[in-house]
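Reading through the structure tokens given below for one structure.
So that you can tell them apart, the chains are marked A, B and C in the order they are listed, and the count of residues begins at 1 in each.
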Amino acid sequence: MTPKLWFSMVFLGGLAVLGALVPLLPFDPNAIDPEAMVQPPSIVHWFGTDDLGRDILLRSLYGARISLVVGLVSVSISLMIGVSIGLIAGFMGGLGDAIIMRCIDVMMALPTLFLILMVQVVLEPSMLNVMVVIGATSWMGMARLVRAEVLSIKERVFVTACRARGIAEKTVLMKHILPHTLNPVIVAAMLGMGGAILVESVLSFLGLGVQPPHASWGNMLENSLGYLRSAPWMALIPGVLITLTVLSLNFLGDGLWLLLDPKAKESHVKRS
Amino acid sequence: MSIIAKRLIQAIPLVFGASFVSFLMMHLAPGDPTIMFMDPSVSQNDLDQVRENLGLNAPLLVQYFHWVSALLQGNFGYSYITGQPVFDAICERLPATLMLSVASLSLILLITFPLGILCGYKKDTWVDDSITIFSFLGLSIPTFWLGLMFILVFSLQLDWLPTSGFMDPLLRDAPWYQQLASVLRHMALPLLTITVGGIAGLIRYNRFSMIKILAQDYITAARARGLSERRICFKHALKNALLPIITILGLDLPSLIGGSFIIEYIFSWPGMGQLGVQAVFQRDYPILMATIFFSSVLIIIGNVLADVSYAMADPRISSPRKGAA
Amino acid sequence: MLSVRNLDVQFASKENTVHAVKGISYTISPGESLGIVGESGSGKSVSAMAIMGLLPPTATISGDIDFNGQSLRDLSNKDYRRIRGKKIGYIFQNPLAALNPVFTVGNQMIETIQIHHGVTKPEARDLAIDYLNKVKITDAHQRIDDYPHQFSLGMCQRIMIAMTLSMKPELLIADEPTASLDVTTQKEILALMDELTAETNMAMMFISHDLAVVSERCDTVGVMHLGTMVEMGTPKDIFTSPKNDYTRTLIDAIPKISF
């Protein structure tokens, strides 16, 4: 365990626990307090208050719930799409594979952010839509990765051995190939979750993600725009939280990669 | 040379794919898609004619076909809001976007490359560790927030640079060098923001490819011939490290361009990105659709350029083996 | 000219320590050729790389390496560069991997010649072409501008030999120079090396896993096994009265047909 991994586990674990427990507290994150508007951090309000006198610490913790849930759900969606398409493409090979890969190329060339924005304005922006749309536009890398793994595994002897024993293609696929693609997929999922959290923050910042009064880090940032000079903590705190969360996920992905992938390790130490 | 032709031909279906998705998005949007082709000055009768021509009730693919042939004639429709032809609106914005992306791409390469090489060369020292941590941070910071922080520090607190825009409007009649200086000052913060975000990812790739290269036999062989470390690093390793960077840059292009759009919006930089985000808020679908289409084309062109330059830079592709050896 | 005493190399990593070379000693006099045989992984390359001073930083080295009365282990990197290539040449097992893929063969040869002989670029180019002719590359004046991948593996090894000899080293270390080649090419390369070394009074250290190849062309033969030098002597001694069991298995492994 490296210090980076420790930091990530503690930070994410802490955030998840606090986010899970915060609704049990008898405080309302949307409670407006005209007496305490735009206050800098203090003993009462550790992270200060916003323009409506709402406690930023409390809202940040509710924001953490949103970010973590959006991250998890979007990544699960992109995992399901990406892994299935990657498996199918890799296993089919030939023309089917070529067609799928060209479609992925097209998807990769599209400016995903605008696609998401367009969908969000056409449908109405809701948290469910945010998660589905992020998931549906971020699976391409995962699919390519899984396909590449399948292609290389397919060449190995044991798959041929399975076929020779008369095991059905589907069984070979699910029982013998899928588990081998697991490690890189876990790593990609960690990085993808960080990416999803970043996209959600952009959407909410533009007012097309999680809608007020519900607190999300992105819409807290949007809210801070008019107060950049007078109340910089309003912009500082959500941004730092997003950064630390995504940083932890990236550290975790990188750390797992070193742990799980023998090739990565080799490139770290080997010199012959 | 045939490689360039081959890549260009391969890019054509991608452009059509991108246009089809843009068309589908347009179709998804509420309202009558023919309106977008309506010149604001035409009468109701003419509009009916347009409808007739486009075959409103024709099947989706036929509609797509009509739409593409309109595109091929440079007719991207008219903005819902201003009535300006979309093609003109995009062309107006293209220079600012290209300016920002070419500048940031060059800056990113100029900074990343030496740093990545240094990291790989000084693997597992404090230099490497600190650059690695920095690059992780850069990967994790939301770029739009970084932009806000730069505005907070460099514009609001220190008052060094303007917060937004392209050029000081008071300089409209000033000599060109004053105008240029003003544009550069306005470009500084968005450029810095995009560059910091872009550097981060690339340094990591660069570091890994350098580590892999330094472990190759030809590096040991060069040492065994008594070449200096400087020559080995800056000649023998460097050129090999350049190759993967070209590919990675091509792959990173979508996120670089996508990321720069939101930065354009934050800094009111009058590029395609700002146009697109505004179009989102105004529900100006023709503009939005054209933005999606044009940025895909930019990305596809970038990828073709990356592939072609890779092919030209790598002698294993550009100089084929000669017959029997 | 070269004397190695109690050379010991260990590679330490987090998980384990590999004791690659366990205190070996030998000497090579001017003009003499020493052959080192041993199976793959017995420490041949590591001990040779130790002489070049090119082991990775993970290696812990002890023992003495003297070259012409100078202790190589005390040399600064700068002084070592005057030895590498110029005094001690090294031929690698895989010639294609040992040539930089993105520079032409000529570029790499000219660079090497210029560094060690201080000649102008056109002079260096002429010299390079001379040496390519010597190793029997046809159309050398044209092919000098080709990239390594445009040559066959055997040709690449000829180029490596030309490049190494162009520095006129006093000692040549050939680390399994034919192991990556097919059988007929192996014979050609060995014949070429015999021919070229006969012209000079160069000392040689010839590493191979093939006892027959080594004993045909070396004055002394050392047998390495798991990092130790289990036996050393003239080829005749080794064949007639091997003292070590491992040597005996090596002798038994030689196809009888080659005698």
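Operating definition for what follows: a contact is a pair of C-beta atoms (placed from the backbone, for glycine too) under 8 Å apart; a residue touches a chain by one contact, two chains touch by 3 or more.
Values in this document were obtained by computation on a predicted structure and should not be read as measured data.
**Student:** Point out which chain occupies the most central position, where each centre is the mean of Cα atoms.
**Tutor:** B
**Student:** By raw count of C-beta pairs in contact, what's the busiest chain pair here?
**Tutor:** Answer by contact count: the chains A-B.
**Student:** How big is the gap, in whole Å, between where the Cα atoms of chain A centre and where those of chain B centre?
**Tutor:** A distance of 23 Å separates the two centres.
**Student:** Could you give the separation in Å between the centres of chain A and chain C, each centre being the mean of its C-alpha atoms?
**Tutor:** That pair's centroid distance is 53 Å.
**Student:** Out of chain A, which residues touch more than one other chain, so two or more?
**Tutor:** Touching at least two other chains: 271.
**Student:** Touching at least two other chains at once: which residues of chain C meet that condition?
**Tutor:** Expected reply: no residues.
**Student:** Within their complex, state which residues of chain C touch chain B.
**Tutor:** 49, 52, 54, 77, 81-86, 89-90, 92, 94, 97-104, 108, 111-112, 115-116, 146-147, 149-152, 155, 160, 163-164, 167
**Student:** Would you mind writing out the residues of chain B in touch with chain A in their complex?
**Tutor:** Chain B reaches chain A through residues 13-14, 17-18, 21, 25, 28-30, 136-137, 139-142, 144-146, 148-149, 151-152, 156, 208, 211-212, 214-215, 254, 257-258, 261-262, 276-277, 280, 283, 285, 288-289, 291-292, 295-296, 299-300, 303.
**Student:** Taking the complex as given, what residues does chain B use to touch chain C?
**Tutor:** Counting only chain B, the residues touching chain C are 216-218, 220-229, 231, 235-236, 239-240, 243, 313-316, 319-322, 325.
**Student:** So in the complex, which bits of chain A are touching chain B?
**Tutor:** Within the complex, chain A contacts chain B at residues 102-103, 105-115, 117-119, 121-122, 194, 198, 201-202, 205-206, 208, 221, 224-225, 228-229, 232, 235-236, 238-239, 242-244, 246-247, 249-251, 254, 267-268, 270-272.
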